[in-house]
Amino acid sequence: MNKIRVGIAGAAGYTGCELIRLIERHPHAEICWLMTGPTHAGKRLRAVFPHLRAVHDRPLLPLKTLGVEKADVVFFALPHGEAMALVPEFLAAGTRVIDIGADFRLKNPGLFEKWYEKPHASPQLLSEAVYGLTELHREEIRTARLVANPGCYPTVSILCLAPLLREGGLDCRSLVIDAKSGVSGAGRGLSLKTHYAECDEDLQAYSPLVHRHLPEIEQELTFLAGQTVTVVFVPHLVPMIRGMLATVYACSSGKERPESLQDQYEAFYRDEPFVQVLDPGELPRTKDVWGTNRCEIAVRFDPRTGKVIVIGVVDNLLKGASGQAVQNMNCMFSLPESTGLDLIGVYP
Amino acid sequence: MNKIRVGIAGAAGYTGCELIRLIERHPHAEICWLMTGPTHAGKRLRAVFPHLRAVHDRPLLPLKTLGVEKADVVFFALPHGEAMALVPEFLAAGTRVIDIGADFRLKNPGLFEKWYEKPHASPQLLSEAVYGLTELHREEIRTARLVANPGCYPTVSILCLAPLLREGGLDCRSLVIDAKSGVSGAGRGLSLKTHYAECDEDLQAYSPLVHRHLPEIEQELTFLAGQTVTVVFVPHLVPMIRGMLATVYACSSGKERPESLQDQYEAFYRDEPFVQVLDPGELPRTKDVWGTNRCEIAVRFDPRTGKVIVIGVVDNLLKGASGQAVQNMNCMFSLPESTGLDLIGVYP
Amino acid sequence: MNKIRVGIAGAAGYTGCELIRLIERHPHAEICWLMTGPTHAGKRLRAVFPHLRAVHDRPLLPLKTLGVEKADVVFFALPHGEAMALVPEFLAAGTRVIDIGADFRLKNPGLFEKWYEKPHASPQLLSEAVYGLTELHREEIRTARLVANPGCYPTVSILCLAPLLREGGLDCRSLVIDAKSGVSGAGRGLSLKTHYAECDEDLQAYSPLVHRHLPEIEQELTFLAGQTVTVVFVPHLVPMIRGMLATVYACSSGKERPESLQDQYEAFYRDEPFVQVLDPGELPRTKDVWGTNRCEIAVRFDPRTGKVIVIGVVDNLLKGASGQAVQNMNCMFSLPESTGLDLIGVYP
Amino acid sequence: MNKIRVGIAGAAGYTGCELIRLIERHPHAEICWLMTGPTHAGKRLRAVFPHLRAVHDRPLLPLKTLGVEKADVVFFALPHGEAMALVPEFLAAGTRVIDIGADFRLKNPGLFEKWYEKPHASPQLLSEAVYGLTELHREEIRTARLVANPGCYPTVSILCLAPLLREGGLDCRSLVIDAKSGVSGAGRGLSLKTHYAECDEDLQAYSPLVHRHLPEIEQELTFLAGQTVTVVFVPHLVPMIRGMLATVYACSSGKERPESLQDQYEAFYRDEPFVQVLDPGELPRTKDVWGTNRCEIAVRFDPRTGKVIVIGVVDNLLKGASGQAVQNMNCMFSLPESTGLDLIGVYP
């Protein structure tokens, strides 16, 4: 079988370098080119990511290069708003696209404009784009031309809630998602918020109630529940490089018993290679999924208050970004989903 | 005025060394002796805390020493269950007591036994002990013989909720407290959970729904609300030394408007030297209260879901432990509460 | 006694906010104004340093303000090259100056130009400026109009070597200083090097052999030794906020014995309030001086190789910057050196 | 080809879990059993290392099990002093042994007893054991029955110095090795030194001049130089999980020029898959080799002082321990050395 030819647009950020790592060790894919924005275009990869000096030393092409070698699939790992104008020409050329950014996640162009404060450049593609939470949409992903890879917070939040919402009976106005992320989620761009002396030994909530991942979460949960779901979403910045943990609080429908909840979650994810429901005595730690594409989930029922608590962890750069993107690529090219993703976490 | 003579029982832990720091620089108090458990008794302070080598080098006496010099007040900073047998003899001798541990916080001896898995050694003192959240109980603290200093999680949680619950009208079954703590909250005792390579670059929830601070929180919130309050409480361990942040979610009574909430909080804490309600555009960070006795709080109303979100931060070893203990001592000895606590945080 | 009126030029950086903390709690000094560069001029202090919101909320004036209130002393905490043009007019107005930056440390204007790549704007002041390592120059500091506060690396390096070099007999070509600094030493300016995800969990040497603190170290050591001293100086960036440790290696003169070295160091620093020679069984840790103006030093002789090893620690923002600046101010205004600097470290 | 059957004695520590990770993904090796000391023997692997729950869940056998399945090679990853009594019976049974611990590194049993404070249990094997710094001893490793895997500090220190010492002409009494290690190097055993709140935000030297890796370094450097080499060795503990950096200072023979030094290093390591000499403008960072078996080295000549400075980095658990052990296994079983070690670092 010929290797899948992969282009990466946005190779100089953290999701970009994770993609390079994964594709370089993928048995059925290979990089054909790397592009990046104007800051780094024209440099060699080694100058931007010295840790890759032993791997290879490709040139970083500028974005929008015409006449670039035809790839089978292009990953976009760009700041939001930059992919949406470029995607149509790749699709037109017969290249499939996986956008790790936010441009194609919301189905409603008005919602996109409200949250991202600019009109969408390719609104005609929004209905076609498949939301790339593989566990929920793999059938459509197989044949998709355009996959909108989920945000990191939505990935872990939706995986925590999907078994509950599919089942029905939940009080859908009662959902609280308290999420915590390592600092790499903010990317490689400089800011005082991610300046070492400012964020080390600090913890803060940010964008409570108004984070851009909120409409994406509600859109998917509404789809799952078959009724309007509203969510309270408060993200926090944690002084660690990687890792994301969501603690989700829901009012039960009154029918749950602890055993059945556990069974329900185990059944829902039984055949999933990357989602594991922990045993009743276990709790997830971000370190346990560090460097892997895995999501680990624990579920608890509180009989005193009638609340269901679900705790989930992912590596924000892998299952929360580049790992899931490769999982989607595998799906699109009829490979087993875990191809090239059979990673064992580096511990400690 | 004569200086207040202070004894510290439990000087070899983190709350102990914070007490030493505070009392050493307190203009109206002085240390008369230090005691500690068998591991360190008999050593010099310098051997246990070399960072104090420049301050003084007292001996660490064993606990239970008879014939110890009479102190005006004794701080207990011992693991739970160790103070309750020792306190009566100090009270009998006319010494006032501030217990930073958990032994006198719960009013109900049965509840103590249930959560701490041993019968209470001095149940007759439970009704007399005053819960030392200064902002709420300062009148009783002034004349108290025995103050039960609150836990770190209860301090920040209750301060976040008090203005709401006093006002009434809240749905008291809907409270969710998602709390996050730095590692020093687990103390100086060794465990795999606090081993550097295990907890650095890791985030985890622990004891969800069953942490020992839960009954203490519910007891005080019930007292404040005048009706039974139940709480979902999930604490998390964050890879930083100090700092505690609580994100509290409550269903409003339907009467709130954003402006009035802000006003309500500002009014409630207007004259408090150690609690500050932030401006509507601000959010608290643990680093902003690092090394101080302050609590900073932000409040938000979400009209989409009808939820009130309150975010509060403290330094877990100061307002969450030793700082509040000194605030209570000031109160007990008719000093201005901020005496010796007028700390400016060391930043960054 | 009237309080010393203090101006701070460069209040928006880390040394600036440490100065504010120290002066605010200094019993004999008070801030009369704060200035800062164009990025923050015009803002309120609270907007730049929210952790100071409880202290006061002064305006940040632009640099070079004419007609500013006359201060008794001005601290300059600006990037190198910015103070040297401003200092003369303050001196002319009768204000004394302590420059925490690098502009007045080197005596030789040619050397300044070589290392800082611009001509000196006030070369006539270089010979007058007193190098503000208080322990070595306090007599001249008392009457100085202009004090050049040492760099952080030079402070700890010179304090480690002074007793050896004063004594004579050392092989002055054999000195190696391997120094390690926390990240706050790089300031509050943004750079990839101090971006959290880049420098956390990383260790690197930087500017080996060519760091700008090298000529300053050699100038002072040469002065101490009475002969030309050359040094190999390699600094390293360590993933922690504060703290600096220097490990110094020297070839002995062949006369040392372990006991005499220890004695020599203890004698040299016997009366110093801020320098402590540790007992032979002790080793310094940066955490032990965290938040204080102290330097702790251990000395070892290796009979196998004839080398002397000296290990010293300081808090880079205190004894390495703002703390020493206040120590110098105390000296200039005939106050006990430890006035306002009697800090106990916040531990852990 | 049959897979190499691997036994791991000491599977519950950090080097143990890294070995498991590497062997599980090695194309030509497989684990046949795991043993561990009494603390964890009898448990399942998942209970000790939950991050491996997705890999497999083997039992942890007790050490010294008779009748254990015959392995082709056994890795010992035990505290020093525990392997030396067990190794002979494995060798006698025809199993080859790689000891990651310290028991077989020193050739002189008296030296072992002096530094490890107990007599050697199998002194007859010391001359046979091959020091497993692959780059220097691969010819003997190929046929060795017993390989003594180097310590982490010796690995990076010797790789930094080998090209200089092989060349000759160095002043062999002038060597200074200032080394810095992440905390995982201290293992998984609990101690106050590795308690999070104690070692985070702290930097300290430890065991200066008397660390147990010193005799091992001198033994190998003496072998390389063909004359007695003495070293000043000062290790430091750095608040990060992984990573090791050595800064090495040597007096040149007077013949070096910067260009020739660079050439000399590049020539020495030209064909090495795991050692890379950086370009003259580059400096190594521990993060660049994080999670890999690589060593990166920069060399500088200081014409002012005549010193050569070499800076090297490794991941202490990989090239400094388990990675090099697998490299040695590959060598012993005639596989390309990079088999199963072609790791791309997880960045950031």
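Think of it as A, B, C and D in the order they're written, each chain with its own count starting at 1.
In the analysis below, a residue touches a chain if its C-beta (ideal position, glycine included) is under 8 Å from a C-beta of that chain, and two chains touch if they have at least 3 such contacts.
Since the model is a prediction, treat every value here as computed from it, not as a measurement.
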Relative to subunit A, chain with the most remote C-alpha centre: C
Between B-C and B-D, the pair with more C-beta contacts: B-C
Inter-centroid spacing, subunit B versus subunit A (mean Cα positions, whole Å): 39
Subunit B and subunit D: spacing of chain centres that average the CA atoms, whole Å: 46
Mean-CA-position distance for subunit C and subunit B (Å): 37
Multi-chain contact sites of subunit A, meaning residues that touch two or more partners: 14, 184, 197-198, 200-201, 239-242, 285, 287, 290, 348
Residues on subunit C engaged by subunit B in the complex (per definition of touch): 14, 17-18, 21, 24-25, 49-55, 184, 201, 241-242, 276, 282, 285, 287-292, 294, 342, 344-348
Footprint of subunit A on subunit C - complex, ascending: 14, 183-184, 188, 190-192, 194-201, 239-241
Residues of subunit B defined as touching subunit A within the complex: 173-174, 176, 178, 180, 182, 197-198, 200-206, 208-209, 230-232, 234, 236, 238-243, 245, 247, 249, 283-287, 290, 300, 302, 304-307, 309, 311, 313, 348
